[in-house]
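Presented sequentially are two complexes of chain A, the first with chain B as partner and the second with chain C.
This part shows the complex of A and B:
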């Protein structure tokens, strides 16, 4: 299979997806379903290669038989799609994983946030650091007192935080627009350069 | 048995994992490392869940002869064929990579690129400065976009007062934007922490579903 064929597939797929801009059509649908199917399969293959196989070959086959117990419990998760009578069995592996994640999170998660809060109060030396602190404080108040507080002080703090958050969303929006246009230019360069050879970069 | 036992399992497991991390060494050979391996292996065994769900949803569409049922057939065929092939030869196989490179990156990047057209029409609706909030959002978005392109530097050079458009953009990003980002992160953490405590104490049970 040659790189040219790969380019042609890329071109047809790109044009197929762009055809959605005119209206929804079978050409677009075909490539949409193709990428969903391939991506799901790719996720499985990557997990198989990076986790399941190494665990089996380097773990269980080398004497770590205790892994068979969580493995057997994990199989119960597939009862999610069993007849209604047996569906509740899927809760056991889910409960175990939730328990693990909560225990892990309770142990590890608070520290990075405490460090961030401490960092906000450290080095208060210029106007910018005080503006930073005021906005940070306002946003935290905004989230903590989302409902049920009618105090004027809280209301004013929330308003200032809202203005700052709108600035944040504006910046995020601007960056997103530019990121997407950059991708669009990339696709156009692919069509005009790699395929048609009309544009040469560098 | 159906609901209470899973709640107890969650609480007991969370307590054991928490104590193991706090009390024992967190290297791979210690208890936390062993628990981590078990958790990873469980996730690895559950990896077919996504495919099982896709098969269920699209199998149902095929049975009912839905509008796009023929595409559902194609999706299932290509998904199973690619997965079986990939598991047999490995993800580093040349043919496997060739198929991946031919389809997935071009389609994915085109999908995301296409959003640019919809963002443009969305901008037209969003950028009507009727309130101070909307005006601030619009001003910041326009400022960031202009300052990232050469036109911005032509309008207000980065070598002039305040560092020009790029200088003001850097201030917006590093002071108010960064403070909001940190505030949102702390707010999210507090919300997540509260939810975790609710699940830990068995108050929150919605993840276990009905029945």
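This part shows the complex of A and C:
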């Protein structure tokens, strides 16, 4: 496939997807389904290349036959689609994965959290760090549901926490909008640069 | 008038957005770019202060949909590494992202005259999630099944001789390019002693900055804006710099639209209250 043809396919697909902004139409639908189909096919190929092939080539074929045991357990997953009588078998790999993950998480996950909590109290030297600490306590109080809003102190603290959280959500939303514009800019650069040649790509 | 504004067809806004974006792409205004001292500058300084021949590991934890944000970051950091003479180890927690960016990294490496196996190695995607990374961390060769992305044995790649595990003595810095999970939590949780910096898509910035004051992240490139800052620091303007004017103009438009929307909403509300 020549690069020019690739560009043209990209252009038609991009315009097809963007046409949704005008209104729902068959051109858009066609490319939407194409993306779904491509993604599914891509996932199959990626899974084969990155999971199945290395398991076979780098493991079994190199004499590591013990890998056949977890391989056999993994195959039990497919009993999800077996007749109802045998479906219970799929629970074994699931139970193993869950047990492993929970154990792993309990062993390792608290550490980064603890570092964050320690960091909250460390280096209280400027106004920012005190505001940070105050918001930290405020938000903790906000999420303690065992006491109601009867106390004025609790109510006020929760109000402050609510404002702080709204600000955080605003910042997060603003950043997300920025990210989405970046994606749009990438497509526009493709149309204006690769296709129309109006822009020299940096 | 206010009612008209309240019921404005959103397609007019899309049109305004396209106009506002296209003009500065074709004819850049050249707005100045300031560098964020707490995020981008920190990351730049960390790499700048590493001794030459340091080993930096790239972890691609993103998919190709974040191309516009991640690619300029990768290029800018590679430019910095080339200037400082560092070695590169490429890995990825996301298979599709690694497949997408590997050829781009190869292309840039070729431009710098990096020799594969000597100056940089790409170990490819290793299935198994955090458990695999723990295994790789303890015994790199065994955990990574001893082959690179092309199936070449590590014995044939001289750079791999110095990489036996993941620890601060072996890997001087991990640079993660992330747009979701699994991502930096893998490194912060299981390899907290290895210095970590992050090239983050814009949507992830607010959830990442809290790791900066605690030192869990040594620096951060915040979105395409951060990539433009890094391009400025390394002295090689690229796509991010080229698109910054358009990005700024789009933000101005959004601010104007929010202001207009509020004026229209409260104006109409006041009017209906007066009518009652």
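The rule we apply is simple: the second predicted complex is superposed on the first by the 183 of 202 C-alpha atoms of A that agree within 3 Å, B and C clash if a C-alpha of one lies under 4 Å from a C-alpha of the other, contacts with A are read in each partner's own complex, and residues count from 1 in each chain.
As a working rule, a residue touches a chain if its C-beta (ideal position, glycine included) is under 8 Å from a C-beta of that chain, and two chains touch if they have at least 3 such contacts.
The structure displayed is predicted, hence computed values, not measured ones.
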Which superposed partner A:59 touches (first chain B, second chain C, both, neither): both
Partner chain(s) touched by A:99 [first = chain B, second = chain C, both, neither]: first
Partner chain in contact with A:201 - chain B first, chain C second, else both or neither: second
Touching partner for A:115 - first (chain B), second (chain C), both, neither: second
Touched partner set for A:154, first chain B, second chain C, both or neither: neither
Partner chain(s) touched by A:176 [first = chain B, second = chain C, both, neither]: both
Chain C versus chain B, contacts on chain A by residue: B
Touching partner for A:22 - first (chain B), second (chain C), both, neither: second
Partner chain in contact with A:184 - chain B first, chain C second, else both or neither: both
On chain A, positions contacted by chain B and by chain C: 21, 42, 46, 49, 51, 55, 59, 100, 104, 108-109, 116, 168, 171, 175-178, 181, 183-184, 186
In the complex with chain C, residue positions of chain A that touch it: 21-22, 42, 46, 49-51, 54-55, 57-59, 100, 104, 108-109, 111-112, 115-116, 118-119, 123, 168, 171-172, 175-179, 181-186, 188-189, 192, 198-199, 201-202
Residues of chain C defined as touching chain A within the complex: 11, 14, 17-18, 21-22, 25-26, 65-69, 95-96, 99, 125, 127, 130-131, 145-147, 151, 185, 188-190, 192, 201-207, 210-211, 213-214, 216, 222-225, 237-239, 241-243, 246-247, 250-251, 254
Chain A-touching residues of chain B, taken from the complex the two chains share: 2-3, 5-7, 9-18, 20-22, 35, 37-54, 56, 68, 71-72, 74-83, 86-87, 90-91, 95-96, 98-104, 106-117, 119-120, 123, 126, 132-134, 136-145, 148, 171-173, 175-187, 189-193, 196, 199-200, 207-209, 211
Residues of chain A touching chain B in the complex: 1, 5-6, 9-10, 13-14, 17-18, 20-21, 26, 29-49, 51-52, 55, 59, 64, 66-67, 69-71, 73-75, 77-78, 80-81, 84, 87-88, 91-110, 113, 116-117, 120, 128, 131-133, 135-140, 142-144, 161-171, 173-178, 180-181, 183-184, 186-187, 190
